[in-house]
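Heads up, there are several structures right after this.
The following pair of complexes shares a single chain, subunit A, combined with subunit B in the former and subunit C in the latter.
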Partner chain A sequence: MTTVQSPTPTPTPERPARPAARSGPRVVVRGSGAHRAAQAVVLVLLAAVVIWGGSLDPFGQGQLTRAAIFALAIMGLNFTTGYVGLLSVGHSAFLGLGAYTTGILVVNYNQTAISTIPWAMLVCFLVGLLVGIPALRIRGLYLAMVTLALGVAFPEVVARLDGLTGGAEGMTIRRTLLRPPDWSGFTLGEKDAWLYWLTIVLLVVTFVVVRNVISSRYGLAMHAVRQDEVAASASGINVAAIKLVSFGVSGAITGLAGSLFAMYIGSLFAEGSFTVLAGITLLIGLVLGGERTLAGPIIGGLAVVLIPYYTSGIGQGQASAVLFAVVLIAVIFLAPEGVAGGVARLARRWVVVVDKRPESIGRGR
Partner chain B sequence: MLKVSEVVLDFGGIRALDTVGFTVGDGEICGLIGPNGAGKTSLFNCITRIYQPDSGSITFDGTDLLGLRRHQVVRHGIARTFQNLALWPKLTVLENTVLGAHSLATPRLVPSAVAWPSTRAARKRVDLRAWELLERLDLLDLASHPAAGLPFGTLKRVELARALISEPSLLLLDEPAGGLTHAEVDELAAVVQGLQAELGFSVLLVEHHMGMVMSMSDHVVAMDFGRTIADGTPDEVKRDPAVVAAYLGTAA
Partner chain C sequence: MDIFLTRLISGMTAGSVYAMIALALVVVFRSSATINFAQGEFALFTTYVSWWLTQHGWNIWLTLVPALGLGFVMCAVAERFLIRPVRKRDETAVLIVALALFTGLNGLAGWIWGSDDKVYPRLVPIGDDSFLALGGARLYYDSIFVVLSLVLVVGALSLVLNKTGLGLQMRAVATNPESASLCGIKVGRIFMISWGLAGVIGSLAAAILVPVLPPGQLGLPGMFHMLIFGTVAALLGGLDSVKGAVVGGLSLGVGLAMINGYGSFFGGSISLTVALVVIVVVLGLKPNGLFGSRRLERV
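On to the complex of A and B.
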């Protein structure tokens, strides 16, 4: 026998093989003291990471900013592709649209960078609604083809509109135009730190908003549309409206990421940053991190920024791409529902969260 | 009052419904019987806008149902259950039930996103009502259990809870006793009758369990090959030669 010897002799071998002798997982009531305490611990840990990131050297902090921007972009993708099941390969277009909206408004119209964020989100929301229209009729691979076309078209459109976008030459946003606003207390020299904190704040706000939606009855309706449209409509859910709006919101969140990306990178090349390859990268991040989870996009953002960085240290070009692919396959093999989904599944072995019964219910029992 | 008249539905060469017509009065329990393939489920699907009839009309309290979109049907007070279940397997029993209230208190995106107090209050009300219905249908202990993996008969009751939470004025039940034991069938009949007496909705009940249909129904409609072949009191329909023939499989 090659089994690992446990430190204490295994009791009662005739008992059917179960991982633990305890009677099943621990049951925690939603909103109870224990549940709140666990959430608080996670919050404190996350806050510690964020503060640590604030004290990193410029390069490390830049990488974290980049990861947070990608986390936002993937959060946007998760909103429609994860929760509503509308597969989008072309979300790079929203990243680019947000970035160019900010770039154009800052360079050509003299706006402050931060004031362009709502515009970038609005433009992407409206385009998202438009792109959502085909999603009313088609899904799965067919929808993937339509969104693929969007992703392919975006750099072409940017190249055509060269008067506005700088075309294939690209568009450079001078560093002084990205000066932190006076009220922020950051100087021009601290521009990168400012962008780090701005990105973190927007990531946290977006996270809370998405969490609110997903845990609400609106979020349940999104899930219902993904899993069974007939049942959803029989329960009064306007399937078309949910699909359209989810695509719009998804576009807006990824557009927000794009706007921040423009501030981060400073020079926009559609052929470099916003090709379909970027759209696929977002999808990979989503699958890797875990679709339909709140933590998934954050893990995904870290993964798509940090894994290529470390693998490129090991091998050049092709080799690093292969390594990246190997990591991807390994994760999908070990945890088909992504890292966050896999961890949640493991955790359910030890703890399950149940809903709190209202006081008036089941008193006779 | 539900009024179905001269409804025709074709699938390629197959005529699933062939000038079907009957009415279900307010507060009435109407049984709908007929052998497999008679067209009962197809008729439900026409009423709830899943199928588009080729001709005929279906009205409810004067509203032309055929002019509505699918999700609007329940807003007009018609809720249904499905013969082969249409639940969301990954959602819990409680969540499945809560979703049934979508038409009654439709959640909006922006208030949900900012956790607006009125949105949370609505959630609380809907949750409470869902818990009450789960208690009524003996599903309390399964509230936090995902629908996936529960027995068929249990899931039928979850569908019933989901339909009831929309406060329907007409409930369409497609073989609600499927997969239940004899004792459970009696229990289900008692629960439905109790709720009906209390809330005053009308019921269109498709069921093969003759004891249940005949004891519960105020009137019974029998179908065969997409046609209405009998319509009357349970006793009249039971004795109708066309019905007897349809069930014995001989030509009427």
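On to the complex of A and C.
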């Protein structure tokens, strides 16, 4: 489910008075003690999982880092494909663009890895704006074709620009170049742990930013554009600006993931990591986790990293592809809002969170 | 001059294959108004079945019968049970189901037959001297065979569409499914048959193209590029036009052969990008392609 509440929640009059007396879901008022307590429990549990991940062996921690990076990338995809409804198959290009921006700046221009993150995001933001331009005229399937073009073209262009990118042989970032900064307190030997914590922090920051944007006026405008462009435009929304900017922001978030991915993987092969199949994987993760949900990208990131790993022994390594297909079709038919949305819907049978009734209508949010 | 002719011939050969895949996409689009992203993988799967039968001593031509039949059944069943239930929801849902089929069929083929490349026999065996000399260029028999197959497929498809009752129903559904349904046409059945026909055309195209086009072997990733070229061809010609698919496919094939031959920067490895730049330009300037019909959208 989305976090955008309808502006005027309509609880039945007697509901706040005696919630427990009726059979049916338990009603919790947002911001009440019980709600705060539940939120605190969830936060503590999440923090426990993160700290547990920090104490894992290097391989397990690496898998979690990878999952967090993909969660970030899917979060970026969710921003435009989920909330604005602009279908993108080619977000792998943003992942690659972010990764290569970091790679080139670190290897050719001697920048520290962490200082390249803003540049990666900026480059991806600008390219995102550019890709958003066709989205002003075309929609749906046709837009998917344009983004597919982007995704397919990216590895070929990288291979062609071999002076800058190392071409088809790929680009290797030496491990010493990925040294954690001195202020972090991590040594070169703890590079993987440093990357884990860096990724987690950036994931949390992005999560909060996305959550706030989605529940802002801008987020409402994004929803409106997705549901009906003509109606949105009639309500005074600048549809073109919404589409362009959200494509740019989406690219920037996925570019951030790409930058981290470059630090994680250390050697970049456009034909390996950034083909359009990676873009399809991101889309699979998004749909599976849940479009237009906040938790969906995280579930999706975990799924697209962990499922192939745990099934690699079955069916000549092809089991994950078949499994993804089955799960995707099941999700589309049984829980169109994805795993996150499906769980939320189930949970609403027992617990419903409602907004506090506004004291006076005049004071808007 | 003979180099030009050689390039023209290889362009026509590849273009005929693209045109056939584009035809499969067009037949689906005319009924369901969607691009079947899994079309290539359906064809890949049936071609694996055909290869598997040849390993058991079947004649390659004979294996086409079950392969094409399977193509029909698989596509028709997918339409009925996977695509149609989500069609009403939105385009994204249909696309996701197609992507799921894409991933799943590819994985299934790899699961059953392994991910190493297979040698798929040629439908028309050629030796060192099985070509016609044509002004210094060699016109191999299998190139002729590919172009002839396209002519046959287009001829048969036009015949079905224009001369049979089934074709009349298909054209009615393509124009307006609701009115067609009011006239007593079983629209759902037409959808299924259209998808099945597309499956047959796609399977045939795959069986023809695998030995002829690089890499010349049957491998898991092979059909994806073909699907992209076929999609470009279909978009170029107009997604609902049979004539457009043929013109789009041939001009794409010849155009790419010429660009790869004569362009210095665009050569070789970047041909997919060139093809896709074509998509973007076509969609920007003429969203309905060269021969496609305009669709009005009611708000």
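Here is the rule we go by: the second predicted complex is superposed on the first by the 323 of 365 C-alpha atoms of A that agree within 3 Å, B and C clash if a C-alpha of one lies under 4 Å from a C-alpha of the other, contacts with A are read in each partner's own complex, and residues count from 1 in each chain.
As a convention for this text, a contact is a pair of C-beta atoms (placed from the backbone, for glycine too) under 8 Å apart; a residue touches a chain by one contact, two chains touch by 3 or more.
In this text, all values refer to a predicted model and were calculated from it rather than measured experimentally.
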Touched partner set for A:R36, first subunit B, second subunit C, both or neither: neither
Which superposed partner A:V354 touches (first subunit B, second subunit C, both, neither): first
Partner chain in contact with A:R26 - subunit B first, subunit C second, else both or neither: neither
Partner chain(s) touched by A:N238 [first = subunit B, second = subunit C, both, neither]: first
In the superposition, subunit B vs subunit C on subunit A residues touched: C
Partner chain(s) touched by A:V230 [first = subunit B, second = subunit C, both, neither]: both
Which of subunit B and subunit C A:F333 touches, first, second, both or neither: second
Where subunit A meets both subunit C and subunit B, residue numbers: 228, 230
Interfacial residue positions of subunit C with respect to subunit A in the complex: 34-35, 82, 85-86, 89, 91-93, 95-97, 99-108, 110-111, 114-115, 228, 231, 235, 265, 269-270, 272-273, 276-277, 279-280, 283-284, 287, 299
Of subunit A, residues touching subunit B in the complex: 209, 212-213, 216-221, 223-224, 227-228, 230-239, 245, 249, 352-355, 357-358, 360-362, 365
Residues of subunit B that touch subunit A when the two form their complex: 48-50, 69-75, 79-80, 82, 86-92, 94-95, 98-109, 112-115, 119, 122-123, 126-128, 131-132, 135, 140, 143-144, 162, 166
Interface residues, subunit A side, partner subunit C - complex: 81, 85, 87, 134, 137-138, 140-142, 144-146, 148-150, 152-153, 156-157, 159-160, 168, 228, 230, 280, 283-284, 287, 315-322, 324-326, 328-329, 332-333, 336
